[in-house]
Amino acid sequence: MAADVRLCTAAFDHAAELERFARAHQQAGGVVSFLGQVRADGAVEALELQHYAPLTLPGMEALGAAVLARWPLDGLLILHRSGAMLPGDPIVLVAAAARHRRDAFAAADYAMDHLKSESWFWKREKAGGTWRWVEPRAEDYADKARWG
Amino acid sequence: MAADVRLCTAAFDHAAELERFARAHQQAGGVVSFLGQVRADGAVEALELQHYAPLTLPGMEALGAAVLARWPLDGLLILHRSGAMLPGDPIVLVAAAARHRRDAFAAADYAMDHLKSESWFWKREKAGGTWRWVEPRAEDYADKARWG
Amino acid sequence: MARLLFLGKLADLAGGAEREVAAGPLDQVLAALEPDLALALLDERVRTALNGELVGERALVLGEDDELAFLPPVSGG
Amino acid sequence: MARLLFLGKLADLAGGAEREVAAGPLDQVLAALEPDLALALLDERVRTALNGELVGERALVLGEDDELAFLPPVSGG
């Protein structure tokens, strides 16, 4: 079983994707998902993610393979946007289907920690009419370090 | 903010529920969900969950309040089926929306551990034409004990 | 009369989800049941709820129209 | 000619996402850039990829049509 890993350059429908994923893995008792969306908190007006084609998708695919090697999953989905987004738009969707709940939680958690700190994306936010590049946070590295 | 906690006596549309939840909490950057579905692995033909009205929903509501008290969440959804289900049917959907990803993961994980081991549901499965009550597993108690 | 409710597998053992019994002390009520059912109800892992409220005490007296539910270990999700 | 690619905030500093440069040793290429840009590119947290493959070595010689990408710390998800 291979992971379903996609770099999306246009908006994706997270509910439809998750519905399809859960339906495709009905032999799994549990599906854990993480949806990251552009915060609609009034502060950020737009968000843009940049990727580097030769590295970004191959890196996501390698992450998918690493997650599948580490936990016994029935299915793994990793979708990540690139390009311009507005508040409320989905940025990332990770879903793990497993017979055992704990495996699905750990796999989704691990995938997110590594997407955040290791994937080849660069993010900038527009606030008050001004674009600003988002620096990686120490927290992101710490999250990843939990996995040894 | 109160948790959205429901005891469902008929099938629910997990994708539509999650879509609505994510849309209602767009100020949160992250939404973690757990979907439990009746395993379509060929072994189980049907599943039935029984509840005890005076305790079951109040217990789920108390769990929702406990989760909200423990993590800074923007939203919490807890849906649990009662009644007869077929393979592939959703049993439980938990979703937590938070500004910080780790809070959402921990809250959903905690809610599931406690739903499994503490909520007032009794489950039986039909396999080979015979109904059998499902006994709680030692693993379920161990999962809950992780939270101290 | 009072009513006993049997949840989960206890209903199979009792041959039904509920049973009317004469009001009175619980130990007398149990003594009037089939011995294997009474034994199962006395299992320390079986919780009880009187009129919808959990009760820890087994030295109960069931009044008229009281409802006592027997709750075996749960298995949800 | 060779091509330099600037990802993320490095593109703002360079005034564009890419730049044509004369082929040759990387240190000479960098020496011909604006000093603040060259300094930013030499930051140890900036990784490099030559023709789409990560390279650890900075003592590169850029050949004709080579593409060297400068990758600052990532911030995804």
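Chains: A, B, C and D, in written order; residue numbering restarts at 1 for each.
Assume contacts are C-beta pairs under 8 Å (C-beta built on N, C-alpha and C of every residue); 3 or more make two chains touch, one makes a residue touch a chain.
Everything numeric in this text was worked out from a predicted model, so none of it was measured.
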{"item": "Taking each chain's C-alpha mean as its centre, the one farthest from chain A", "value": "C"}
{"item": "Separation of mean Cα positions, chain C and chain A [Å, integer]", "value": "50"}
{"item": "Chain A-chain D separation of Cα centroids, rounded to whole Å", "value": "27"}
{"item": "Chain centre separation in whole Å, for chain D relative to chain C (CA means)", "value": "76"}
{"item": "Chain C, residues touching no fewer than two other chains", "value": "none"}
{"item": "Chain B: positions in contact with at least two other chains", "value": "36, 112, 116"}
{"item": "Topology of the chain contact graph, where touching chains are joined (line, ring, star, complete, other)", "value": "line"}
{"item": "All touching chain pairs, where touch follows the definition stated at the start", "value": "A-B, A-D, B-C"}
{"item": "Interface residues, chain C side, partner chain B - complex", "value": "5, 7-9, 12, 49, 51-54, 69, 71-77"}
{"item": "Touching residues on chain B, where the partner in the complex is chain C", "value": "36, 49-50, 52-55, 80, 91-92, 112, 115-124, 133-136, 140"}
{"item": "Of chain B, residues touching chain A in the complex", "value": "14-16, 18-19, 22-23, 26-37, 39-41, 87-88, 99, 101-102, 104-105, 108-109, 112, 116, 143"}
